[in-house]
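Same chain, two partners: chain A is paired with chain B first, then with chain C.
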Partner chain A sequence: MFELNILLIFMIIGALIAIEVKDLLSAVVAVGASGLALCIVFLILKAPDLAITQIVVEILCLIILIRATIKKDLPFSTSGRWFFNTLATLVFLAIFAYLGYVALKELPSFGNPIMKVSQFYLNEALKETKATNIVSAIILNFRAYDTLGEATVLFTAVMGVMALMRWKGRKDIAEKDNE
Partner chain B sequence: MTPYFLCLLLFLIGVYAVVRKRNIIKIIIGLIIAEYAVNLFFILFGYKLEGRSPIYSPDQEIFNMVDPLPQALVLTSIVIGLATTALAVAIAIRIYEKYGTFDITKINKLKG
Partner chain C sequence: MNSDLKNKGMSLIVKTITRLTVGLILLYGIYIVLHGHISPGGGFAGGVIIALAFIHLMLAFGKDEVLKILPVTFVSLLESLGAVLFLSIAILGFLGGYFFMDWFAKGKPFKLFSAGSIIFSNIGIGLKVSLGLFGIFLVLILLKFKAKK
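Right after this comes the complex of A and B.
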């Protein structure tokens, strides 16, 4: 799994550049590079459906973020309690990293998953659903309520975006405020 | 175990950006990075060595596939991640229109 580690290190470097660079557009481009590396990682880990979804979502995400950041920039400032804030954050992250290390040591080793539930899906998917792609069989047949919940969340999020971004209603409110 | 720890490191970078940065766009980028790390962790956990992707084909053996259940869950999670990112960016754009800045320490006027 040599290439997997290389790609993960590439993702980490991309993420570090994304959060430390001063220009917002460069940060968005760096996080996009990280997301496209994640797409290749999904391919290496034998998840082609996820790779397709990830590349589409990544491009849409980049378009949305560029819409938000273009021509808007903020100079880097170190005012305020810079040292105290950084120290508190790093202490919190150190505790979090230690707990994560302890938890990850207890997991089964990489490449040997526990597949008690999945074995049922692997055995029964073709007989019960006649779908050759097992991921499709799970999301559309065995766990279709999850997909219904996903559609509900998407609908709610789209309603929220439209309520925030529409122009007509905001103009009316502004006129009422002026009167 | 190395991929697990690299994945944890990626998650920590995202959490650092959310907790420490003061620019709203940087906070959203931190959320996106943490989401990448969580999705990646599920897929890493379901990976089987020498396995193949969970798609039946007539001329191949079927008993050494990777775990399909995390893949199905993460497929849902990726799309929901896009929706939450779009909502967060919409809120950020409205804040910029109202206050003229992305700096969260300057956004302190709580007028309607």
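Right after this comes the complex of A and C.
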């Protein structure tokens, strides 16, 4: 638990730096440090599947973000209504903290899950599917319907990006200036 | 290879190291996809590693080298093929009884060809995720290049 707390504090510090720093590239690097700490947290909690996925997706996102943000400096939007903004933030934080307190009180304590469905999966996965990776057996056999939905989400996202970023039939920038 | 193509991309050191490592990265991604039911990993993680291998190639050699191997229409076609493969495994379950029923031969644990339909689902998801994410990266780069021109 001790090393877990240190990693969580490190991740919070990384997220705060990513919000507060002015340079976009430094913000991306801070987000990457926070994500790599999350990967180590998954390893400590004995979830190697999630650790592999986390580190790989983190690196892909870092590459895409660096390609997108390098040599660009977006201006910060600051409006004059600082009193209303601060008040709204404080009210939302209070509501969020209260609802979180009410909801998280009912959850089981950390490390003591309610083993109703998961106990069945743990007992039956090797016998039913003959797959030694139980995570794979759950997501692709017992709960394959969920995975089908997830695959549909990714497929729709890729289709949307490809349709938005197409270059056939798109007007050139010079052509737009003439109009 | 003419001199114009040689000058694109990064320096000679990066190109040499990329030539050595990109095959290993691709092979590791395929290993993770195929052994998803035995060891940690699976279709999603292995697919992202395969996409990263192609992105590695693209960052080192420039986009023209990669577009020669994988044109955008081909990427889009293979990505859709992965989605159709996963859906067809779900529909094949109707032959055994109901949606997503796993009626394939199970085999013994710890063997590569075991665990029924999980390995085919992993291959479908790996194909879909790898070429989908690589397609997003490719389209973003091509748009940036077009906007600069």
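Assume the second predicted complex is superposed on the first by the 166 of 179 C-alpha atoms of A that agree within 3 Å, B and C clash if a C-alpha of one lies under 4 Å from a C-alpha of the other, contacts with A are read in each partner's own complex, and residues count from 1 in each chain.
The working rule: a contact is a pair of C-beta atoms (placed from the backbone, for glycine too) under 8 Å apart; a residue touches a chain by one contact, two chains touch by 3 or more.
Because the structure is predicted, anything quoted here is derived from the model rather than measured.
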So, after the overlay on chain A, do chain B and chain C clash or fit? They fit
For this session: Tell me which partner A:154 touches in the superposition: chain B (first), chain C (second), both or neither.
Result: both
- request: Examine A:141 and indicate which partner it touches, taking first as chain B and second as chain C; both and neither are also allowed.
  value: second
*Would you check which partner chain A:48 touches, where first means chain B only, second means chain C only, and both and neither mean what they say?*
both
Q.
Quick check for you: in the superposed arrangement, does A:31 touch first (chain B), second (chain C), both or neither?
A. first
By the touch definition at the top of the document, which applies to A:59: first (chain B), second (chain C), both, or neither? second
### Task
Once the structures are superposed on A, label A:67 by its partner contacts, choosing first (chain B), second (chain C), both or neither.
both
* Mind working out whether A:111 is in touch with chain B, chain C, both or neither, as first, second, both or neither? => first
Exercise for the section: Identify the partner contact of A:130: answer first if only chain B is touched, second if only chain C is, both if each is, neither if none is. Expected result: second
Larger residue footprint on chain A, choosing between chain B and chain C, goes to B
With chain A overlaid, the minimum CA to CA distance between chain B and chain C in angstrom is 7
Residues on chain A touched by both chain B and chain C 48-49, 53, 57, 60, 64, 67-68, 126, 132-133, 135, 139, 147, 154, 157-158, 161, 165
Listed in rising order, the residues of chain B that touch chain A in the complex are 1-17, 19-23, 25-26, 28-30, 32-33, 36, 39-40, 43-49, 51-57, 62, 65-69, 71-76, 78-87, 89-94, 96, 101-103, 105
Per the touch rule, the chain A residues reaching chain C in their complex are 48-49, 51-53, 56-57, 59-60, 63-64, 67-68, 126, 129-133, 135-137, 139-141, 144-145, 147-148, 151-152, 154-155, 157-158, 161-162, 165-167, 170, 173
Per the touch rule above, chain C residues touching chain A in the complex are 32, 36-42, 44-45, 48-49, 51-52, 55, 59, 76, 79-80, 83, 86-87, 90, 99-100, 102, 106-110, 114-118, 121-122, 125, 128-129, 132-133, 135-137, 139-144, 146-147
Chain B partner, complex, touching residues on chain A are 1, 4-5, 8-9, 11-12, 15-16, 18-19, 24, 27-28, 31, 34-35, 38, 41-42, 45-50, 53-54, 57, 60-61, 64-65, 67-69, 72, 74, 77, 80, 85-86, 89, 92-93, 96-97, 100-101, 104-105, 107, 109-113, 115, 117-118, 121-122, 125-126, 132-135, 138-139, 143, 146-147, 149-150, 153-154, 157-158, 160-161, 164-165
